[in-house]
Amino acid sequence: MSETFNDIPWRRQEDLDAYAVRRNVPVWIGGKKVIADRVVKTCCPHNCYDTCGELVYVKDEKVIKIEGDPAHPITKGHLCLKGFANVQKINSPDRVKYPLLRTGERGEGKFRRISWDEAMDWMVDKIQSIQKTYGPEAILEYCYSGNREHMAKAVAGRLWNLMGASKLVGSFCLLSGVAGSVGCVGSQYTMDPQVWADHAQTLFLVGRNCTATNPHIFPFLYRAKERGATIIVVDPYATGVAAKADIHLRPRPGTDGALALGMIHWILAQGLEDKVFIAEKTTGFEELAAYVKEWTPELTERVTTVPKEQIIRTAEILAKTDAMFETGYGQQRYSNGHQTQQALACLAAVCGSFGKPSANYDCISGMAFPGITGFANGAAVSAPKGADIPKTRLVNIAAVARAVHEAQDPPIKGILSYRGGLISQQPDVDYTIEAVKKLDMFVTIEQFMTDDTDYADLVLPACHYLEQYGVHPSYWHNWHQILVPVCQPPYECVPDAEIFAQLGRRLGYEAYFPRETSGLDWCRMLVGEQCDFDAIVSPNGPARNPEKWCPEVPYQTFDTPSGKFEFHSSLLEERGKRFAGHYDPLPVYYEPDESVEATPELAKKYPINIISQHPSFRTHSQYYNLPWIREIEGEARVFLSRKDAEARGIRDGDKVRIFNDRGQLENITARVGIRLKPGVAEMSSGMWVKLGGSVNKLTKLVPAGPRDILAEDGILTEYDPLLDGNTGSYFNTLVEISRMEEQPWK
Amino acid sequence: MDACFDILIIGCGAAGSSAAFAAKKTSPALSVCVLGSEDLPVYSAPALPDLLSGELSREGVFVRERSDYESAGIVLRLGETVRAIDPERREVHLESGEALRYGELILATGSQPIRLRRMQGTDLPGNFVMKSMADVDAMAAYGGSRAVVVGSGAIGLEGSMALKARGFEQVTLVEALDWLSPKSLDKETSDELAAVLESFGVEVLTGEAVQGVLGETRVTGVRTAKRDIPCDLVLWGIGMRPDVELAKAAGIPLGQLGAIRVDERMCTGLSHVYACGDCVESTDALTGKPAVHLFWEPAQRGGSVAGANAAGADEVYQGSLAVFLTNKGGLSILALGKTAREITPEERVILQEKRDGVFRRLLLEDGYLAGVQTVGSLADADLLCAVLKRNAERSNGWSLAVPVPEECRCSVRDVMRFLRRQRRG
Amino acid sequence: MKRLSFDPARCSLCGACALACSLSRCGRPEPAESRIRIECAGPDEPLRSAVCAHCEQPACVSACMRGIIEKDEKSGLVTRRWENCFACGACAVYCPVGASSQEPSKKAFTACDLCGGDPLCVAVCPSGALRFEEDAEGSARRRSAYAGRFFGSGGDKAQERPGLPSQADWERIASAVGGRLGVAVDPESLADACSRQRKAWEEEGM
Amino acid sequence: MEVRQQRILYIDPARCMGCRACETVCKLENDLPAGPRYTMVTEAETGEGETEKLNFLPVPCQHCGDAPCVRACPTGALHKREDGVVLTDRRKCVGCHECLWACPFGVPQFASDGRMSKCTMCVHRLDEGTLPACAANCPAEAILCDTVENISRILRERYGKTVFCGPFADRLNGEAAR
């Protein structure tokens, strides 16, 4: 075998040629024609709306080129900049190639290469000794969306279930919005974009920077716009999609809910509401109408800083035209995020924007959590029949650092982390690092030496998503393609599911992790009978998910307890009787945890509200280490308004310090301009801590969402992700910015 | 076992040396060997007149030290004469009997000065050429105070100035044709040049063919068609001839001008054999026709192209310009492109001026600048050179060549102003 | 490597670069002694800079009959041991950009050496037409400036040729040159030299 | 001489939304390391108050009709093909940077070998009848590569309708299409 491929006896070798769409295909590379051995169809499983169809060209078991799959009805053969950078990523010389065992102190980043056998021995030994000393619940997985496909997580889930480890639940991304939305609407659906593109008269986008997170929406937006539709964008940040909008509303961060309430007020005051829809398909309208009385345009302007003329104009357009609501996730990354989404859902209902090809409401597709909705048979994989699966405590990922710090009986002593940047992505970096340092075992499965690997005891070489199987239905459009490995894993990299299967076998669960079960088998087991599995495996696919899960025009009916849209949410009301938190049946507005209004004393010290968008250059913390991407993105930057810059003597291009009581960032390049209104700054999330640009040095661990999981230290016995849902409230962060003494140009 | 080199270079002059360094730069892992017949690393032949005049020290003439080759990882074997090349077996046979094997061979065998061996008296002591350092050493050792310089090419002009500067009382420059450097200059320019030479005390005789060298045991004079000129030594500067004996014997195809034919990558007609320098026939950048340009710059540049390509690169040599350039001790002359005789009278416009001691003559062909001759300054040399090169490409579909507009064809100054404007945008 | 980057659109043709350069060479504001020359064919004609570009395949290196011009692989600079120059002029003839010229005060042909990494001409250029930067930087800046012009974000001004330096500019330039050379430089003499140069151009009909 | 139809790369700034996919698809297609950027998406901020917005403009080679780089190149390394594509013969380039100083768009790039290279309009693809990589991939369909006539037609089709529909004025006057 070549030196780029080491044989590992238990790593599966499969005939990947079976997946070829075409064979011996000429393809241009750098102006030269190369014959690729095969082209394989797969999809991108990153945490992104688009879930693009991809055609991957492979030669000598190396990915040489990626193209969009032109047959994909939504992504139409187009990829984003990261899609192409995957060629550089998968072939990067910096990949973790072998298991590495820490030799220095945590944080030093010193390792030595060991064999997989040694690595497995080390893990088994550690896990068993932790289990013996503290009990099985002292072990926890940490996993998020680096590769967002569901199959390997379910296979890992099988292992945690068998072991009786603490179980990771929740999300720190979007569940607070989901809770607000589910409370009013019930099950979540999205309408295919080509439907609204041909019918909607108005597009209403909230908190959604489509350039970075949803580029494939643009042809549909343009189709609508060129048909004469009005585009309205709500975002404090002047995004690329805002630039294409007819109206751009720029509320103070965290006040989108108030903005929606103000619009509902105006619509009701003018009698513009959809009276038929309200009468036939909703409940609780009177309670809402009574509450929004106070939200006059004047009050709304005062709270949101959006001029009342703009509020009125927008409200009238939404009410008078067929308006399609495409809400994103930015607006719900505040401690009041669930309320904001609830208010937006109510606004859509007041406008009658439900159940029509021209006017509907998209928050997230239920396909985002197929195991919860029942599309995927998660239990079949993670809770095998006949196994003795103990009920264990649950750890909420939105407060995982708190849980590690505070857990008793047993404490959390071992974390096996994969597909997530624990240190760079969780709020309050220093607090997270302290938590990691308390562990007896911190194992990461990684493709590169990240912030996490520096603190890990053992680093295992992960596979790129193109080297493993997976199931990842999109949470925006409704087309589905199974991920298949396009090439054999290089070096000693092993697909995630196979690592867990082998670990399971080594921990004594041979019966539950048969060697002959392939990734495709696990995928098939997970997807179950809900769709024609073979139709979505390369060379076939993609295929639309069945109507049952993705109606073409959703929300003709609602599956709330009342069977109607609930302005006054009975689900949230009931849930609130059982758990501490903020389960308000109405979309009552309250200030975010930290803001110039909520914490005026703190705001004297730290007057700038910093928000952190997801840039197009990266998916969270991935890709920045690639030369192509780094060249485009450049160094860490903070955007601020001219007024704020002037007041601090900061000029465009200056190096600045950003700080609050939780931490500080130095030598960040200031970009002064129009992107933000005074009082707001923006710094993209996901930059690595060790590169000095992690905004999470400044953010605070305050999970948004109705349930107050901090009161429970993030350790739960029962959890409903759709109603308790939490999100890191990254954007309610106050800071001060100052110019550095030392400037590079002097 | 025979020594074996990835790249073997015959000749350690400008072309051979630059080929060696270029090859190493392109592919440092390859083994490179340079064979030189003189026991000296590369030195500047064009600087020999300054060595003769005494302006430069011996050390000052060298371009590279032996240690430069060593530190670049090049094997330098000096004082080696090559007997034959066996392209079949990819071997080079030395006089010593040793055979060297090669992967790629680069011929940089240079040129030899033309000698009139059959003319009476040319074998007497006191007959000199100026090609090598040994020639200058010999001349310096020989001494004397009166010299006749035959031929008015660069060697003739610079040689006579150098002898004057060396302290010779009488230096006579004899040119058989009607004026000086007739291949490069028109008569008008030549007259300017002659005046400059005479102002330095060089006597200029044109239209006088040398018929013999006088003397019994050593040179005592030169006989021309018109007179006998008494002198202590004769410096012959009547031309150079590419040294192609080895190539010819090895069956390497020669061009119509008798030098080794190479393509733009400096490949000869035999695989694995490159050639560069004075021994090759390349393309004239202005005419596009085959040309043998025996200058430093083509040798140096052609050498680096040959070296790089032999080491695996893909470089091209875009031909060279016939540049007549001398800028020494107050003698400053530059001629580029065509002379008046090379342009048909109907298509020809000639402009000439002398301002502030600078003589400038511009020749337009069909309205395009086609020739330049200046005496007294090199100012704007780069511009004129660039315009000539651009005009040479005017047959190309996308050529940027622009004729000088009618209204500017009145004076040198107008043309120069137009050309300056043309250079950008 | 960083190199002298010239933006013709931003040059006011004030000649400060050449004056400063010559001051550092021979102590006089004498454009003929400068190693940088801004060539101008007329008031509305495009400008070009004649200054050593430190080419990758330098014509001067192969032209030089003394072998004293070298391309330094590490720094990327084209260096000259000009003390050994015997002034054959070949570098000037072959240089594609006209950057090599015989300095009257020296016997030798010379070219810009980037002042050892901190070019004086860049320090004095009052309009930002000359910069010392990486290629990528210069390219990105030009591209962004173009976008600014395209969308009209304050780019209109950038399109006009900037005006000549003011009195204050000349004072700043004089003090920058003086500070670097450790001598007093009279701002008047610079302004005078500038207007002399412009007059000469006018006379030339440019 | 018969002039072949001139092909251009046209960027529709109304459509470009700054995703930068053209930058990496170009890197991949042309096998470029970090360094030379055949195209680069630039951003410009315009407006004040309510009209403040970001604008995006990818800047590949403009393949100018009368290309200043071709004029400026002293070694003849640049030329314009009959169909309008400006191409570089890298073997003739000496790396003098004259093209970069002359180009109003900052397009010429210099790879680690110091020679100029730039956007070729993907001639290798054009010659096979496919679009340049950036144009083929653009998720916003903002990059067009065609003859001037065809591009003009596409743009009229895109924006003609909008003019007649009017963004929303008539609907606000009570004539909702509902």
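Letters A, B, C and D name the chains as they come in the text, with residue numbers starting at 1 for each one.
Here is the rule we use: a residue touches a chain if its C-beta (ideal position, glycine included) is under 8 Å from a C-beta of that chain, and two chains touch if they have at least 3 such contacts.
Since the model is a prediction, treat every value here as computed from it, not as a measurement.
S.K.: Which chain's mean C-alpha position is nearest the mean C-alpha position of the whole protein set?
M.R.: Smallest centre-to-centre distance to the global C-alpha mean: chain D.
S.K.: Between B-D and A-D, flag the pair that has more C-beta pairs in contact.
M.R.: Result: the pair with more contacts is A-D.
S.K.: Find the geometric centre of each of chain B and chain D from their Cα atoms only, then give the gap between the two centres in Å, rounded to an integer.
M.R.: Roughly 47 Å separates the two chain centres.
S.K.: Once you find the CA centre of chain C and the CA centre of chain D, what distance in Å lies between them?
M.R.: 32
S.K.: What's the distance between the Cα centroids of chain A and chain B, rounded to whole Å?
M.R.: That pair's centroid distance is 72 Å.
S.K.: Can you list the chain A residues in contact with two or more other chains?
M.R.: Residues of chain A touching two or more partner chains: there are none.
S.K.: Which parts of chain D, given as residue numbers and ranges, touch two or more other chains?
M.R.: Expected reply: 35, 37, 45-46, 55, 68, 72, 74-75, 102.
S.K.: Two-or-more-chain contact residues of chain B, please, as numbers and ranges.
M.R.: Only 386, 424-425 qualify.
S.K.: According to the definition already given, which pairs of chains are in contact?
M.R.: Pairs of chains that touch one another: A-D, B-C, B-D, C-D.
S.K.: Could you list, by residue number, the parts of chain B that touch chain D in their complex?
M.R.: Spelled out, the residues of chain B in touch with chain D are 314-316, 318, 386, 389-390, 393, 396-398, 400, 424-425.
S.K.: Enumerate the contact residues on chain D facing chain C in the complex.
M.R.: 13, 35, 37, 40, 42-46, 55, 57, 59, 68, 72, 74-75, 93-98, 100-110, 113-115
S.K.: Show which residues of chain D lie in contact with chain A when the two form their complex.
M.R.: For this pair, the touching residues of chain D are 14-15, 17-21, 23-25, 27-35, 37, 45-48, 50, 52-56, 120, 124-125, 136-141, 158-159, 161-162, 164-168, 171-172, 176-178.
S.K.: Applying the document's contact rule, which stretches of chain A touch chain D when the two form their complex?
M.R.: 28-32, 65-68, 75, 77-85, 87-88, 201-202, 210-212, 215-216, 218-219, 222, 225-228, 230, 238-244, 246, 248, 307, 310, 316-317, 320-322, 616-617, 627-632, 673-675
S.K.: Where on chain B does chain C make contact in their complex?
M.R.: Contacts found on chain B: 18, 25, 42, 44-47, 50, 55-56, 60, 62-64, 296-297, 300-301, 304, 323, 325-328, 332, 334, 336, 378, 381-383, 385-386, 417, 420-421, 423-425.
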